[in-house]
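Take a look at these structures.
Next come two complexes, and both contain subunit A; in the first it sits with subunit B, in the second with subunit C.
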Partner chain A sequence: MSAAEEVVAEGHQAVEAVPKRAMTLGTGTSLLVLAVLLIVPVFVKNFIIFQMTMLLIYGLAVLALNILTGGSGQFSLGQSAFYAVGAYTSAVLMEYFNVNYALTIPISAVVCFGFGYLFGKPALRLSGVYLALATFALATAMPQLLKLNFLEHWTGGVQGLVVTKPDAPFGLPMSQDTWLYYFSLAVVLAIYIFSVNLLRSRSGRAFMAIRDNEIAASSMGVNVALYKTLAFGVSAGITGVAGSLGAIAVQFVAPDSYTITLAISLFLGMVVGGVGWLPGSFVGAAFIIFVPNMAEGISKGLSGAVFGVLLFAVIYLVPHGARQIAIMGQQLVGRLRKN
Partner chain B sequence: MELFTNQVLAGIATGAIYACMALAVVMIYQAIDHLNFAQGEMAMFSTFISWQLMQWGIPYWAAFVITLALSFVGGIAIERILFKPLAKAPVLTNVAGFIALFAIINSSAGLIWDFTIKQYPTPFGSSPFLGSQLISTHQAGMIGVTVLLLLGLYFFFQYTKIGLAMRAAASVPESARLVGINTSWMIALGWGMASAIGAIAGMLIAPVVFLEPNMMGGVLIYGFAAAVLGGLTSPFGAVVGGFLVGVFENLAGTYIPGVGNELKLPIALALIISVLVVKPAGLFGRQIVKRV
Partner chain C sequence: MLFERTLRTAALVTATAVITLTSGAAFAQKKYDTGASDTEIKIGNIMPYSGPASAYGIIGKTEEAYFKMINDKGGINGRKINFVTYDDGYSPPKAVEQVRKLAESDEVIVVFNPLGTPSNSAIQKYLNAKKIPQLFVATGATKWNDPKNFPWTMGWQPSYQSEAQIYAKWLLKEKPDAKIAILYQNDDFGKDYLKGTKDGLGAKGASMIVMEESYEVSEPSIDGHIVKIKAANPDVLLIYTTPKFAAQTIKKTAELSWKPLQILTNVSISVGSVMKPAGFEAAQGVLSAAYAKDSTDPQWANDPGMKKWNEFVDKYMPGADKSDTSMVYGYGAASTLAKVLEMCGDDLTRANIMKQAASLKDFAPDTLLPGVKINTGPTDFAPIAQLQMQRFKGEKWELFGEIISGDIATE
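The block that comes next holds the complex of A and B.
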């Protein structure tokens, strides 16, 4: 077994420090991807731009889960609830209070941070499957809560709310979809850089220490309760931003768009992308957006089975997700350079 | 007061369904240390097999036994073919595998038997039980079967050699291997048994919820909740948890104002979580001591 494979085998959830040369390689690839993301919308149709926007948004939501699970080791099936809160915050502010769409995003980040932080408090007592059940309960409760009678005035009940799509500002000559794409790209990029730095900071190291061994972390002076709830808050806040962007992009919010199925999809995205590897979030998002469509294309009646088989194929070939491919690529480049 | 007793009785009757499912969940958790999200779908598929056998003219009990045997073999086959290669993969990858299995079974059942709702026969009849309007002979039979199953499992794990071997393999795999237990096959056996218990649960539940590919969705959630409430390490706890969840759910629906059918599930889950916050290992679960 080669050295890099051992790294995968040992630290399957770890976000380790990357060696210096790999860093430049990683940075190069990131810049290349960014350049592609910037140029592509010029050449493709509006529908594809819309799908790319959704890819960024789901990628952001998977990234949030990755910080929580890959970073601090807490498992959550309740991300759809945070996503819903973000989406509704934006929709209600835009439709009832005429707040500018761009301003609703930081507001929903703050609202969701608070919500996640408070939810993280009682969840402190739970871990593993018990935490999974608690977050699962949150996810199943959320659509029902949004339908409650006394909230119906604000949430529109079962019918949901229609959100108006913003035009490009300053008279820029681009379609609404293209503008929204670039807007989302800017937001996602900012949060991505924030997240990478967060995981490398003192707080990020505290998250990882808790993930690897809670008792050892607390004996090193890490405030376990504080950092665990903080991880929940940050994850919920980022998911909320994804929810807001999603509501603006889809132009519609309704309770039944935010069921447990969404939370499960996000979870699958994280596994496929590689737990704890932030760039993998976007690979995972691509999987959960495009593979179900592909499966439907292969067989209408058996689309679920085809999806399941494809998912099995992925986890057999690369049990550690896209991250494993990245590490293999890195190794290959390293070997080529030596020769 | 009469309303209260009636609701409790009705809760116990639905609780029997959850108890059955929770028992299957705990069985597999004991063997493999994971919650199997595809458990409900496996049970649904077994139930469809028994229905198909009966359509071909095989009498109920013969179909029942054949289905149990097939489910047992099927459970082992799933473990050997699909999950053994994943044994070394991370936990979360395994969970993704369960979700994939869920999608595959659900969609194949839909294709083979389509999504129309089917009647399913009951061997116990559906007349009122002992003159009570709330609990039918089928539900009474269901409670009886659950209790029998629990007793059977208790004796199996406590007094047979293979039961002991399974417990050893689950709790300390390394030492179990050293004394000559084939731990890998014990896991397969656990899958087989869980699949067979799931089949029993499915066949008992089908007359109540009717047979269709999505019949297990709600039941499995309650089954999980019951298993977690009772403590995932205790089959007895799972059964008690099942009955408790059934009763909780009914009482919440009756007494808390503004709770319709829609909010029953979230409230039941919230209640369970509050219990877990006080007793994190479940009501009857063993507190697992971790070595630092």
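The block that comes next holds the complex of A and C.
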């Protein structure tokens, strides 16, 4: 084996093989989490509900990346670009064409799926760090593309677009925030179930076969090119939905909202949550939303450094992220039961 | 008859007494909204302490220090200022999250001097819907002066567009046959200047402007752009850039031994961080406009206002770099808020704060140029609207001409 081949082989092992059973939570735990998510908003302030909505939205974006990286073994630092396309699709449709906010979400999904699929085509030739770099370029270019003069009429250029927040329908007695939370929860739940089933299906097995060994997968009859681009498309589509929900929740889209920082945050959320463990996506999202606030609380001037230290501690103590903690918890429960 | 008269007198006396009592009570009555009490006024703020615009974070720190000074002196009308400031990393979604935290969790009475056009655009609708003042925003975009649609939002500094119009008018008068090249940053800041210049030049703009060149804030150097502009051979160069690029531009034109008339945005007029690094030799004759005093300019060494500023920095921000214009800015903005809160007296409701902010008359913070005064009204939500032209000579700016008012109406 030549040195170059070794590098390539190593690249394939960068994403650790996660058995598909280990990708989800047990039914009991899932229902418990769902019950908590349903009940909590009744007791907390609107601001907390807003934060929980953002948690669901970022969690969805991290989940999309998790399908791509944890599922099919492809890296992406360009998720912010798909998020931006989703957000702008919703914002433009709602503000210029008076489309109902709920209808803009499937449209965003389709637009972003197409965008991701097309981007996935040329990216097929790239793997590992090279793919990461290509997607990085996409993320860096996106804010500037949104500022282009000929798009300015639609995107509002650097000034961005203000989005109107929807009221609860059918005269339901709840605030806009609460309604949006339950609406997001329903969308997230549907996509979560779809993702779990996708990874358990024939396509999911194909993704994982490619992740574990591309050559073996192709000799088993898996259409590598098709499934790799498909994974990109699905991931981009889900990210687009997250972007749409994000635009509605924040009520504003601007190029500065979707910089490379967002892409890196999402990547970070995936690693902290555990690569390939879908429920971990939401733990990762909680990390990227709340830990910077905690770091700021500790020291304003050094918030970046404190955040770095916390991140370092997580990576060092639990390298497999939240998944590792969950497994440890499970083992502990098992041992207690035996005693 | 007598009885009747007595009754009437008694009634009159009682009525007078009642009126006196109630009006007396009204005078003494203290009115508070969420975030204010007998002992405290809670002020919220968001700043980019991290991220691409973190250099501006010093504004938030200056304001924090300023309110500490106010508290040490006994507060405003006996109430201490509790200044709550959060990091938004110059990201609009984060700004929304932090402002909601300020409004709903910390329950501040006003959101003061939030920085950045994107962040302010993101929170404007929310704050106006909640009727929380978004007071003295730290951005020069023109859209903040819109009391009809956004009665809870007010700017502070002169708008970029009005400043650009002043340059355009000056050029039309002094150099009507100029061939103008414009170098601008490709964002809201640069484009506002571009628009202001074009509006100011009017119909003549098309023939006068020979080149518009933009750059991205992420570029390491703009030397290439300058060479390109020189090739078009303009005789006036408008420099609408942030400080680092302004220094590079002035330096590069000198290196090319090219001497166009250079006009520099007010954002980049710091002697310490622009003119000195560019080289005083190269910077001779550069024009600009100003509304605040430059902390590094020796002509203000004995100015009473700047003396106060120097004492403040020495005591409350020891070790800070005095050449940073953000510290002059933060001081000016914070003292404007202090003035408004003082005017509110014991009526600390959000509505009264907006009312008082819209009734500033000839207020002159320590750090503004002599003659530049803050004036607002129910239909004028642009506190600082005056600038004075200045020319760089020797190692300092020399003001010339009269103070020009650049008020422009919003669309």
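We adopt the following convention: the second predicted complex is superposed on the first by the 314 of 339 C-alpha atoms of A that agree within 3 Å, B and C clash if a C-alpha of one lies under 4 Å from a C-alpha of the other, contacts with A are read in each partner's own complex, and residues count from 1 in each chain.
Keep in mind that, in the parts below, contacts are C-beta pairs under 8 Å (C-beta built on N, C-alpha and C of every residue); 3 or more make two chains touch, one makes a residue touch a chain.
It should be emphasised that the depicted structure is a prediction, and the values quoted were computed from it without experimental measurement.
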Partner chain(s) touched by A:F252 [first = subunit B, second = subunit C, both, neither]: second
Partner chain in contact with A:Y316 - subunit B first, subunit C second, else both or neither: first
Most subunit A residues touched (candidates subunit B, subunit C): B
First (subunit B), second (subunit C), both or neither touched by A:V158: second
Subunit B versus subunit C as contact partner of A:V129, first or second or both or neither: first
Touched partner set for A:Q51, first subunit B, second subunit C, both or neither: second
Which superposed partner A:G304 touches (first subunit B, second subunit C, both, neither): both
Partner chain in contact with A:I264 - subunit B first, subunit C second, else both or neither: first
Partner chain(s) touched by A:K147 [first = subunit B, second = subunit C, both, neither]: both
Contacts of A:E296 with subunit B and subunit C, given as first, second, both or neither: second
Subunit A positions touched by subunit B in one structure and by subunit C in the second: 144, 147, 301, 303-304
Of subunit C, residues touching subunit A in the complex: 49-52, 85-87, 89-93, 96-97, 100-101, 103-105, 117-118, 121-122, 124-126, 141, 143, 186-188, 191, 216
Complex interface listing, subunit A residues touching subunit C: 45-47, 50-51, 54, 144, 147, 157-160, 162, 246, 250-252, 254-257, 259, 261-262, 289, 292, 296, 300-301, 303-304
Touching residues on subunit A, where the partner in the complex is subunit B: 12-13, 69, 75, 122, 125-126, 129-130, 132-134, 136-137, 140-141, 144-145, 147, 149, 213, 215-216, 264, 267-268, 270-272, 275, 301-309, 311-312, 315-316, 319-321
Parts of subunit B lying in touch with subunit A, wherever the complex brings them together: 35, 82, 85-86, 88-90, 92-93, 95-97, 99-104, 106-108, 110-111, 221, 224-225, 228, 232, 258, 262-263, 265-266, 269-270, 272-273, 276-277, 280, 292
